[in-house]
Each structure stands twice: as C-alpha cells, then as structure tokens.
C-alpha cells in the first residue's frame, strides 16, 4: 500500500478557504420595523401597566423554526406599583384572534425565544416562512394586562451559525497546523519528539513476555468505535501487534464492543502483515466477550489468572473497571502499562500499574510508537495548538486583570 | 416458596461466588463468571434488538412499505435502508472473499464520528476551557470561612494555620492559572523537559498528582457505599439479621 | 525478612479481610463514632432550635429518589425537630420526580406527631419552572400554588391566614440535588432577602461553600456527612445517616491505617540499610 | 477500489458532519440525524458478529475439551437461555422469566463485581501510596487530606475541611483543565488524521 494522501493538501486548503468566504459573504442583519405598541390599560384597578414595544424577529443561527420576541418592561416591573411577577408570551397566526400562551418568563426579563418543533406532526410545530403575531402580558397577583399586537415576523434557516465562529476559526487554524506539519514531514524534515516513559516501556514489556514464554493481554477498553480514545488505542494495538509478531509472542485481545472487535482484528492482522508474518495471525486471538461492563471485567479477570499473562496493556477509554482490571493484573504479577483519556480513572491506573500514559500521552503514543513521519506531524500540530492556547491564556489573563473583557468575548460560544 | 425468595437465594449464592475471588480463583467464581457472561451477552442482544433494531429499522421500513402499498408513494422512510446496507456489509466479514467490503461500514462509522467529535471536542475541551481559565488575577476569591465559622485561634499553631489557609484562598486565581499553564507544559512533546521548561513541567506534574490524589481519596467513599449495599443484601435481605 | 519489610509486603488478602470486617461489623455492633460538627451545619441547627412555637419555616424538598440516601435524613430530622417544637411548615417539592416521594415523607412525619394539613403544615407540591415558581412565591404563595398538593385552597387554611409570601416565614431550608439551589440563593435570598440554608449532595458541597462568607446562605449541610452531623446535634432516635457514616468512618480509618503501615515499613527498612 | 472508496466515504462523512455543526440548515440536520440512526442500525448488525465470535470461541473450547470447557458450556447455556426467553418484546416487561433472570442473576453479580472495588481501593492505596519521591508524597498527602474529611478529629476536622475544599476547587480544577485541553487536542488531531486518511490502521491491510 502506498503511503500517499488520497486528497492533496491544496484541495483541502481551498475547501476551507471557500468555507471561510461563505462565512464572510453572508449578510446577517435582518431586522423588522417594530409595530407601534400602544399601552392598553386594563379595567382592573391593580393591574400593572402593560409591556410596550413588542417586536418579533427570526431567531438567529438556527434551522428556521424559532422566533425571538423582545419587549420593553412594564413600568410596574421592579418600580411603580412593583407588582409584576412574570410575563406571558402569546402567539397567533392571525393578528386579531387565536392568541395562545407559548411561554412564561420571570420579571425583569424582556426577551423570549419561541422555539417550535420542526416535525410537522408535532403539536408544537412552528413552520418556516409563515407570518406570526405576538402579544406579551404582564402578570401580577391574579391579574394581568396585555400589550398590543406585534408586527408580523417569520422564521427561516441560516447558512452559518455565527455563535460558533470561535470554534470555526479554531478548527481552521488547527487544520492548517496539521496540514502544514504533515507536509513538512513528507518533505523529510526531522521532527523531534521527546521520549515518553510509558511508551518506551512497551518494547521492554513485550520482550519480557517473550522471555517468559507467556502471552500478552491487550485491552482496548470499554469505548466504542465512536470514541477517539478507542481509535488511538487501536492504532497502538497495530504497532504492538507488529512487535509481537516479530517476537513470535501470542497476544490476546478480548473486546467489549463488536465493532471495536472487528476493527481490532483488522488492526492486529495489519500488524502481523507489517511484520511480514501474515500467516502467523490467529483469528481467535481477538474475540468478543460481552458489552456489559462488569461481565466483561469478570471474564478478563479470570483470563489474567488462568492464562498467566506476562504483560497487560490497557489503552483507551476506561470507566470504573480500571482498578478491577489493574489490581487483578497486579495479583497475577504481570507488568502493566496503561493509558486513558478519562481523567477520573487515571488515579487508579497510576496507583496500580507500572506505567501510565496520562491523557494526551495516549494520543501521542499512537503516533510515537510507529515513528511514522506523517503521524509525528500531527503531534507537532498538537504542540502548536498548546502554544496557541498558552499565548491566549497569558494575553487573556492580562487583559482580564486590567478589565478589558473583549478578550474573553473572543471565546464566547453562543449555542 | 415464592419466586422472590428463590431469586434472593440465587442472588446471594452468586454474590458469595464473586466474593470468593478475593481469596483466589476457584470453581465457584468460575461458575458465576461463566453464567454472568452468558446471561449478560444474551440480555444485551435481546434488549438492543427490541429497543433499537425493531423501532429504528424494522418499524421505519414497514411504514415505508405500507405507504408504498396503500398510497403508492415512495416516502423518506426508505432512507433507513442505508443503515441496513452498511449493516449487511458489516456481516460480509464472515465471507472471506468479499470480507473487505465491511471496510465501507467501518469507514462510514469512524468517519462520521470523527467529524462529529472534531467540532465537539474543539468546543468543550478547547475553546470553553480556555474561556474558563481566562480570569483576572485579582485577590477577590471568596475567603475561607475562618471568620464565619469561628475557628478557635488560641495558640500560635492555630494562627499560622489560619493565615496559611487565608493565603491559599487569596491566591486562588493565581494558582488556577499557573497550574493550568504548567500542566500544559507537561504535555508538550517537542522539547525535552530540561532547565526552566523542565521546572515548569515538574510543577505541572505536582498539580496532576494533587488531582489524582484528591480523586482517589474522593472515590473511596462511593466504593465503600457499594460494599455496604452488598452487605445489606447479604445480612439484611437474605439472612434477615437486621 | 525483617518485621518492617513484612509491613511493606503484607498479603493483599489481609487487606481485604480487614476492609470486609470494617464494613460488616459496624452494621451489627451498636456503637457511635463521634461526628465532628462543622460550623455551617451547626448554624442551621441553632437556627431551627431558636424557632418558637407558631413560627413558620419553609422547607424545599428539591430532589428525587436517586439521592434519597444523602438528603432524606436531613429533611426527616429537620421536619421532626420542627414538629416537636410546634413550628409550622410550608413545604414545596420543585423536582420533577420528587413530589410523590416528598408526600410520603410529609405524611409519615405528620402522622408521627399527629399534625394536620392546613393547620400545622402545608404541602404545596410541584410546579414546573422552578426559578419562576421561586420568584412568584416571593410575591405570593398563591400565584404558583392557589391550592396545595391535595387540592385544598390556601385561603381556606388556618395556618395560611395572613401568610402572603417569604416575609411571613422565618427562613427557607432547601434540600437540593441540582441547580435549583442557585435559584434559591439568587432569587429568594437575593431578591426577597429571606434567609436561606442549603442541604446538598456530597458532590455539590464544594461548590456552595463560597456562598457562606457572603452570608447568601446562613448554613450548609453537605452529603451524608452533613446529614450525620445534623443528626448528632438533633439527638433524635432514628439516625439513618449516622449509621451509614459510622461505617464510612471506620472503613476510611482502615484504609488510612494500611497506608500508614506501608509507609512506616518503608521508612524503617530504609533506615536499617 | 479497495482503498479509494472507504477513504472517500471517511472524507465525505467526516466533512459533512463537521460542516453540519456550523450550518444550521434543516436539510443538513436531516442527513446528520439519519446518519446517527444508520450508525445504530449498523451497530445492531455488528452485534451478530460479536455473538458469533463469542459462540465460536466457546464452542471450539467445548469441542476440543480444552481445560475448563465446562464453564464455556455454562456461558453458552446462559446466552441461549436468554436469547430463547427474549424472543418477543413482551419479555422485556417486568415479571417475565427473562427479566427475573436479569434481576436475580445479573443484577446481584454485577453489583458484587462493582463492590469488589471497595477492597481493591484499599489494597491499591496500601501498595501505591508510599512517600518515595516528592511526586508520590504529593499524591499520598492529598489523598490523605481528602480521606480525613470522613474522620472526626475535633477542631482539626474544620481546618481540614477548609483545606480539602480549596484543593478540590483550585489545584484540582487547574490540572483537570490542563488534561482536558491536552486530551482535546489529541482528539481533534486524531479526528483530522482519520478524515484526511492519514490514520488508517483501523481498516487493516490486504
């Protein structure tokens, strides 16, 4: 197989540039003239003054099934008679009749997002491109007064979610880093990556298992193929399988997810293939037990003691079972190497295994073990991502200390 | 004897079977384990079949089919066939000659989730964490409750201790920012941990260790609660001792 | 192998055995472990103790059965303490899955003390939008709750005569499993200036200490430990949390003892070399 | 063909889903939501592969009379027993034999496996928490401070509580953030490598 990118980097850059233009080219402003809201005074004596200036407009950054209603607070909200408790928002598709309460907000709030369902069958369905009218009620203790009807407004979908701009910019920058460093790696530039203790131990541990003539146990964790930690683990498994094939040591990979099992089979098979011993691969060395957490653990624990595995490697996504596995491996006297991106489980791996890859080290390991320039390029991109984060932190903290809050706003994500 | 009583007895015996593993691996444990694996795999398959496969795949397709029969129109529910298509490709693994077609399914699952996770984690683990850490380096963090709680400050030791806690709380924002920064340096792979850089990475490790110790200590309580629950089952529900 | 080296390399089965004993034995042997009472729990207790007959207290039961083990003992103890003193209670349950559980609790305790609904206590029940409900009650309890949980009009209740809003209750003690706690602090205390104390789950406790020094809450009970502290102050007969806490304390002591044994062995055998 | 098509699928799926995150249009949302359903359906099909694997490994042990083959027989009995009892949707209702097996066999074993952690937490703490180096001393000290909260020490408990709260809200938070950012970078780099077709060990070789 040729190690060649199927799609050139230039194509990708152009693609992202196009997206960027799309994002800049869209006109975002859309406002509607507010209908003149006249205060209609309720006949009851204690009623609060009604809210005024009721304006409805399309909700931004959505799929076109929501409207935003704003109003000016009743003069009796927190002042005047000071008896407003809440506001009720009413909607109708007819300016004269058929108004129904769609939502309630507390006093002091002058905005409401009327979010409808997008499914036609839903009773809360709010169609796109259809005019709606709004009224807002100020409610006091057992009594209320209503604003005049707003001007019509309709909902429609947007082409870009501007609230997510920081994430968009972040992804463009990071993608640029990855493409850049991978290109540099392809051109043959040496990329230095510092030694990581847990990763170097993998070789040694495989060697020990070979000397003892006992199998190696590799646990991919409880994650599914949708978890990136599991994918990283499967890449590590590929490199481990290659070494294992070279040393001719048996490897056992019990799995807790059928899809992960099939991927693990491919991964191990590929390792044997890379080592030039495709015929030594045994299909039954990667098998499925069960997807239920503790049943899986009970079986693996039994396996460790009965097969007397010399080396246990735990890489990927782990939950409460981490310590159950690691302690049993300890009882069996195996050398244990672990790595997970689950913060809550790292302490138990640190306490009970010989080496632990902490968080990002798991992802670095998948590239580092193979020493493939393309994958090492990604580690460089991660480091540049960190540099960028650290610069933002320093600048942001300084700005915040001098009370310039614009910097925090750069990172403001609105959903 | 009611089925409930039999059930409790079975549960209790199996509970003891699992506990016996603490002493050493033995046939009693092996039996419980084998049964556990079989039952859990079967249970999981049945539940997934009825709760996902039937409503998501079967029901949607039969709806599409009945629409076709009764109204003669092709409605969008046929789109669920795509899922079935990838599913069947997956099963082709069992046929060695065309087993490579299952790669399409893997490609679909891994590709889709990679695209999904890319933006999700960029937001939750990147942008939002940075935003959370950007804070003014002022000293207004809520002070400890020494004044509030009426600590007895009678001796020198007490005074020192109170002042120490006060300092810790006063510089909370500094510690947070420095800790996050040094932690990031620890995860830096392009440079060896030497000199000033190595020193910062070392501080980062200290912070990591504080977190791991705290998490470990914090978890002990919930793990003990689990054991108390099992003891309740054995002594209370099964033997009825209290 | 020297004695100290043995201390370092105890067979794990001894550890298991000791943990098993530490958890099992306290379940049978009646003894008490002293609970050191923190000031934030004591201030809740002192406040409730200072109430006089006929005073009104508001109790919010905003949790569901999943966190009963931690929060129910607090609710139970405080309600008993109040009923014993003749304090009248107004009780709400603003967690979606909580009202049924809260009703059971209320009827259990009221039967014990032979208290009557509408005379000695008023169980309001549940309304959606907790934040809004809390604000509205600041104006008048009757806005969100014209009737109580059982459908009886608030106006017809003897104990609710002249009781309009938070102004007529001495304080709010809220048992919380989530963000509604913020609403009590921000809306009830912040806007209507009624004293608020919280009982929260163990995991939440650390987040709410910050409201103590600013007096936004006048007391805080955190998790099983907070409940056990309150029970030890109230000295009632039934102490659910204390029983559990006792086991936890012994188990934690056991773990710490083993850590100490390991370290003593480590240092002493190092010194010998 | 064997390589181009899967890599094209990866690229297409990855880009469409990532773009969908930024483009709230209904049409893209529709594709996205369906794609999630397709993954679930594919997963259910894959389940049969899992069961086949478990079945084959167990049955080959029974056939070869491998050591402990009797236990494999028990596993198979449990598996097929559950499959047989769960043949109709009513089996999932409370009170069926299927649910009774779940309740009286599965639940107790599951809870007991989980509770073994109480023992393991103690033995791991005993073995690992030694004040060998500065780093391991820090680990030991914080664990002790947090655990001591549960033990009555008179007025010392109050001080310890204040210190523990600080540890949980300040340094703990700092390190968690650093880990989260690192993991996030690793994850998005992995996702990119997958979508760009650089990372493809998961697809095996020919």
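Here the chain labels run A, B, C and D in written order, and each chain numbers its own residues starting at 1.
We adopt the following convention: contacts are C-beta pairs under 8 Å (C-beta built on N, C-alpha and C of every residue); 3 or more make two chains touch, one makes a residue touch a chain.
As the structure is a computational prediction, the values presented were derived from the model and not from experiment.
Novice: Please report the minimal path length, in steps, between chain A and chain C on the chain touch graph.
Specialist: Each step joins two touching chains, and the minimum needed here is 1.
Novice: If each hop has to land on a touching chain, what is the smallest number of hops from chain A to chain D?
Specialist: 1
Novice: Give the chain pair, either B-C or C-D, that is connected by more C-beta contacts.
Specialist: If we tally the contacting C-beta pairs, C-D comes out ahead.
Novice: Could you say which chain's mean Cα position falls nearest to the mean Cα position of the entire protein shown?
Specialist: Located nearest the centre of all protein C-alpha atoms is chain B.
Novice: Tell me, please, which chain's centre (mean of its C-alpha atoms) is farthest from the centre of chain A?
Specialist: For chain A, the chain whose C-alpha mean is farthest off is C.
Novice: So the centre of each chain is just the mean of its C-alpha atoms; given that, what is the distance between chain C and chain D in Å?
Specialist: 33
Novice: Roughly how far is chain B from chain C, going centre to centre by Cα mean, in whole Å?
Specialist: Spacing between the chain centres: roughly 27 Å.
Novice: Please tell me the distance, in whole Å, between the geometric centres of chain A and chain B computed from their C-alpha atoms.
Specialist: 14
Novice: Where the centres are mean C-alpha positions, what is the separation of chain B from chain D, in Å?
Specialist: 6
Novice: Give the residues of chain A touching no fewer than two other chains, as numbers and ranges.
Specialist: Within chain A, residues 164, 167, 171, 174, 225-226, 228, 231, 259, 262-263, 266, 289-292, 294-295, 298, 306, 343, 346, 348, 350-351, 358-360, 364, 379, 382, 385-386, 389 contact more than one other chain.
Novice: Among the residues of chain B, pick out those that touch two or more other chains and give their numbers.
Specialist: If we look for residues of chain B contacting two or more partner chains, we find 18, 21-22, 30, 32-33, 36-37, 39-41, 43, 90, 93, 103, 106, 109-110, 113-114, 116-119, 121-122, 126, 130, 133, 144-145, 149, 177, 180-181, 184, 187, 208, 211-213, 215-216, 219-221, 224, 227.
Novice: If a residue has to touch 2 or more other chains to count, which residues of chain C qualify?
Specialist: 12, 16, 19, 23, 38-39, 209, 248, 251-252, 255
Novice: Applying the document's contact rule, which stretches of chain A touch chain D when the two form their complex?
Specialist: Residue list for chain A touching chain D: 1, 5-7, 12, 15, 19, 23, 61-65, 118, 128, 157-161, 164, 167-168, 171, 174-175, 178-179, 182, 224-226, 228-229, 231-232, 234-235, 238, 255, 257-259, 261-263, 265-267, 269-270, 273-274, 284, 287-292, 294-295, 297-298, 306, 320, 323-324, 326-327, 330, 341, 343, 346, 348, 350-352, 358-360, 362-364, 366, 374-375, 378-379, 381-382, 385-386, 389.
Novice: Can you list the chain A residues touching chain B in their complex?
Specialist: Contacts found on chain A: 164, 166-167, 170-171, 174, 191-194, 196, 225-228, 231, 259, 262-263, 266, 289-292, 294-296, 298-299, 301-302, 305-306, 343-344, 346-348, 350-351, 358-361, 364, 379-380, 382-383, 385-386, 389-390, 392-394, 396-397, 399-401, 403, 407-408, 411-413.
Novice: Which of the residues in chain B come into contact with chain A in the complex?
Specialist: Within the complex, chain B contacts chain A at residues 18, 21, 25, 29-30, 32-33, 36-37, 39-41, 43-44, 90, 93, 102-103, 106, 109-110, 113-114, 116-119, 121-123, 126-128, 130-131, 133-138, 177, 180-181, 184-185, 187-193, 208, 211-213, 215-216, 219.
Novice: For chain C, which residues are in contact with chain D within the complex?
Specialist: The contact residues of chain C facing chain D are 8, 10, 12, 15-16, 18-20, 23, 33-36, 38-39, 206-207, 209, 225, 245, 248-249, 251-256, 258-259, 261-263, 266-267.
Novice: Please name which positions on chain B make contact with chain D in the complex.
Specialist: Counting only chain B, the residues touching chain D are 3, 6-8, 10-12, 14-15, 17-19, 21-22, 30-43, 45-54, 56-57, 79-80, 82-84, 86-88, 90-91, 93-94, 100, 103-122, 124-126, 129-130, 132-133, 144-146, 149, 151-152, 161, 165, 168-169, 172, 175-184, 186-187, 204-221, 223-224, 226-227, 229-230, 233.
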